[in-house]
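Structures incoming, each one as C-alpha cells.
Two complexes come next, and they have one chain in common, subunit A, joined by subunit B in the first and subunit C in the second.
Now for the complex of A and B:
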C-alpha cells in the first residue's frame, strides 16, 4: 500500500506521479491522520466494535517508518528533528490507543463479536485478520483456562457449560454523545418514534443504536 | 475519555507564535508550518507552541478571545442567557489552561483573564448541572447539547449517560413486565422480564 493508493481513493490527479510535489503528499497524509483521529474518537466512545481501519493504519505506519528513515540524517538537536519527533510520538499514541481500545472490546465481548463476525460477509468484516485470530485464540484460551482451573474437578454432570448463557454483550442502547457532521433529516430519537432533524455541527445525547448507521456512514461523529 | 486525552485533542488547535529564529517550513503530517522568520508571527499547533515556549524559542500570541473586556461580555451574556452561549473556541478551557500555565508572561493581565475564564466555566457548570437535573426528572432519553464544549460534556460523562442507561433499562423492564402481566394474566411472576438486558453491560 502506498500513498499513491490514497490519492486514487481521493480522486486526486495522478498525472505528475513522477515529480509528485511535497504538498500533494502532505495533503493525503494529513487526510489519513484525520481519518485515524476520527476513528479513534468513534471507537473510544462507541459501545460496539466498529469496522477496522487496516488500510489507514498501514498507510500511516508506512509514513511513520518513511519519516523515521529520513530523520536519521538530521541532527538530534535540530528544531526540525524535535518537531517531527514530537508529532510522530503523537501519531503513535493515537494508533496504539485506538488498537488498545479495540482489543479491550474484543476481550470483553469475545464470543459476541465472533458470532457477529461469522454472520458478516467478507466485505463487511469489522475485525482485521489479526484481530480475528486474536479473538479466536483468546476465546480458546479462556475456555481451556476455565476447564483446567475449575471445571475438570467438578462432578461430570456439572462440567458442561452453556456457551449461550456466557455471552457478554455490549449494551447497544447505552447513551453516547454525538456531533452531526452533515444535516440529517428526521432521525428517530425515542421509543415513541419521536423524530428530530440533526443540523450539521449540532450535538446530542442519544442511545447508540438509534444512530449507529450515521456513525458507520460518517454522517456523525461520536465525541 | 480521560482529561489528558481531551487535553491531547485540544493541543491540535492552531495558534500564533512569534519565533525568535529563522527557519524554512517544516512539513508535518498534520500540515506544513512556517517558514519561520524571527519576529514575524506564524501559525503552529498548540503542542509545538508550548514546546517552543519552554525552550524560549518564541512568544505566544494569545487567541483573540483571550482579552479581559471580551471575556467580561461573554460572562455577562452567559449569566443572562437561559441557554448555553457559544464559546469562542471549542477547547477554550484546554487552551487557556495551557497558555496561562506555560506562557502567562505573554498574556496581558493574565491573572484577570484566568479569573474570568474560571467564572465563565463555573456559571456554565452550574447551568449544566441544573439542566441535567431537569432532564433526568423528565421522561426523555434524548437531549440536544448545542454549544457545550467537549471538555464540559466530559465533566458529566460517567454520570449522565450512565444514569440515562439505567433509567432506560428500568423503563424497558417495566414495559416488558406490563406486557407480560396483560398477556399472561395467570402468571404472577413478571420479575424475569427483560432479563437479556441485565446481562449486557
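Now for the complex of A and C:
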C-alpha cells in the first residue's frame, strides 16, 4: 500500500492538488513524500543540521488532513480503511521523527547553530523561522538558569557565558554512509588529496565534511 | 600536610550525579553554596595577592596566581556541567510525562529548575503549535515507528475513565486488558499506566 493507492481509493486526483502547490509548479503527493523521506534520512544520518524542508512539510501536512477528512466517509470496518489509516500513521511518524531529529540537534549544538545561522544570508538559512525562535529561547533559557543559580554569585571575570569553550560543536569529520544518486567525478576523499569517482547508485563511507556539498545539492543521499 | 584540593567538591558534585540511580537526584543546594563560597575565597586571595605583586613588583607569586585562576575556572566548569546535565534530564521529563512534572520528581528540583521546565515546556508547545500553518502537530507522540493501529494493553495502575477520540469512554481499572488505538494511548504507556502486551 502506497500513498498513491490511498489517494486513488479516496478519489483524490492530482488536479485537486493544484491549489495545494505553488502557483505554476506542480508536484505530486508521491514526489513530496519521497522528498520528505530523503530529507528525513539525510537529517538522521548527518552530524550537522541541514536546510529545513518547510515547504514539503506543509504540503504533506495539508495532504494528511485532506485525506483524514476524506476517510471519515469510509466504512470503519472496511479493510481499506485500516490500510489507509496505517499508511497515514507511517507518514505522520516520518514527519514527527524528522522534526524531532532537528530539535535534538538544535538543543545539543544551540550556540554553534545560531552562530552559523547568523552568518548565512536570508536565502541560505537552514532553520525555519520557528526553529530559529525555538533555538534562541532555548539558549536564553540555559543562560539565564546558569546565571540565576551560579554565575551571579561568582566574581565578575567568571560571569561570562559566551566563552568559546562553552560551545558544543558537531563532529563534521565523522564518517557517514552515502549512496550516490548521480555520477560525480573526482571527489576528494582523505587528507592526501586522493580522488574517487562516484558512480550513480554506488555506496561509500566517507567523512561528512568532504561530501557535504553533494548532500546539499542532492547528488548524494545519506543512508 | 595534604589538606584538600581546590575544586574537589565541584568534581564530586558531578560524580554523584553520574552515580545516582535516580533519574534526577535531589538538587545539592548546600554543596553548590559551598562551591560558590570556595570560588569567592580563592578569588579574594588572588585579588589580595595581585595587589601585593603590583605594589612590590615581586614576580615570584605569578605561578600561584595562575594556579588559582585555573582552580576558579575548573570550579565554574564543573558547576555548570552539573547544572547543564540536570537541565538535560529535566527536558526529558517534558517528553516523557508531558507538561506536568510528577510530584515525586518535582520534590528533587530547585525553584529555578522548575521555572526552566515551565519555560521549556511553553517554548516547545508554541513551536509544535506553529508547524503546518497553525494547525500544530504533537511531536511527543509517534515516538516509535508504527507497527499496528491497535495494541493490546494491560492496565497496571488505577486510572479511571478515558475518552477516545470517537467519543467512546473506557474504564481503565487495574489489571484490566484492552485493545486500543496506539496513537491515542501512547502517552499512557510511557507514563506507566498501561503496559503494552507483547505476544
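The working rule: the second predicted complex is superposed on the first by the 191 of 223 C-alpha atoms of A that agree within 3 Å, B and C clash if a C-alpha of one lies under 4 Å from a C-alpha of the other, contacts with A are read in each partner's own complex, and residues count from 1 in each chain.
Everything that follows uses one rule, which is that a contact is a pair of C-beta atoms (placed from the backbone, for glycine too) under 8 Å apart; a residue touches a chain by one contact, two chains touch by 3 or more.
Keep in mind that this is a model prediction, so the values were computed, not measured.
Contacts of A:29 after superposition on the shared chain: subunit B is touched, whereas subunit C is not. Shared-chain residue A:223: touches subunit B; no touch with subunit C.
In the superposition on chain A, contact is made by A:44 with subunit B only, not with subunit C. Of the two partner chains, subunit C is the only one that A:134 touches; subunit B does not reach it.
Applying the stated contact rule after C-alpha superposition, one finds that A:63 touches subunit B and leaves subunit C untouched. In the overlay built on the shared chain, the residue A:170 is in contact with subunit B alone; subunit C does not reach it. Of the two partner chains placed by the overlay, only subunit B lies in contact with A:207; subunit C stays clear of it. In the superposition on chain A, no contact is made by A:185 with either subunit B or subunit C.
Overlaid on A, the two complexes show subunit B and subunit C touching the same residues of subunit A, namely 82, 86, 90, 93, 97. Every residue of subunit A that touches subunit C in the complex is listed here, in rising order: 57-58, 61-62, 65, 82, 85-86, 89-90, 92-93, 95-97, 99-100, 103, 107, 130-131, 133-134, 137-138, 141-142, 145-146, 148-151, 153-155, 158, 166.
On the subunit B side of its complex with subunit A, the touching residues are 1, 5, 8-9, 21, 23, 26-33, 47-48, 51, 57, 140-146, 148, 150, 153, 157, 160-161, 164-165, 168, 171, 197, 199-201. Those residues of subunit A whose C-beta lies close enough to touch subunit B in the complex are 22-23, 26, 29-30, 33, 41, 44-45, 47, 63, 67, 79-80, 82-84, 86-88, 90-91, 93, 97, 108, 167-171, 173-177, 189-191, 194, 196, 202-207, 223. By the touch criterion given at the top, residues 32, 36, 39-40, 43, 72-73, 76, 79-80, 83-84, 87, 91, 110, 112-113, 115-116, 119-120, 123-124, 127, 130-133, 135, 137-139, 141-142, 144-146, 148-149, 183 of subunit C touch subunit A in their complex.
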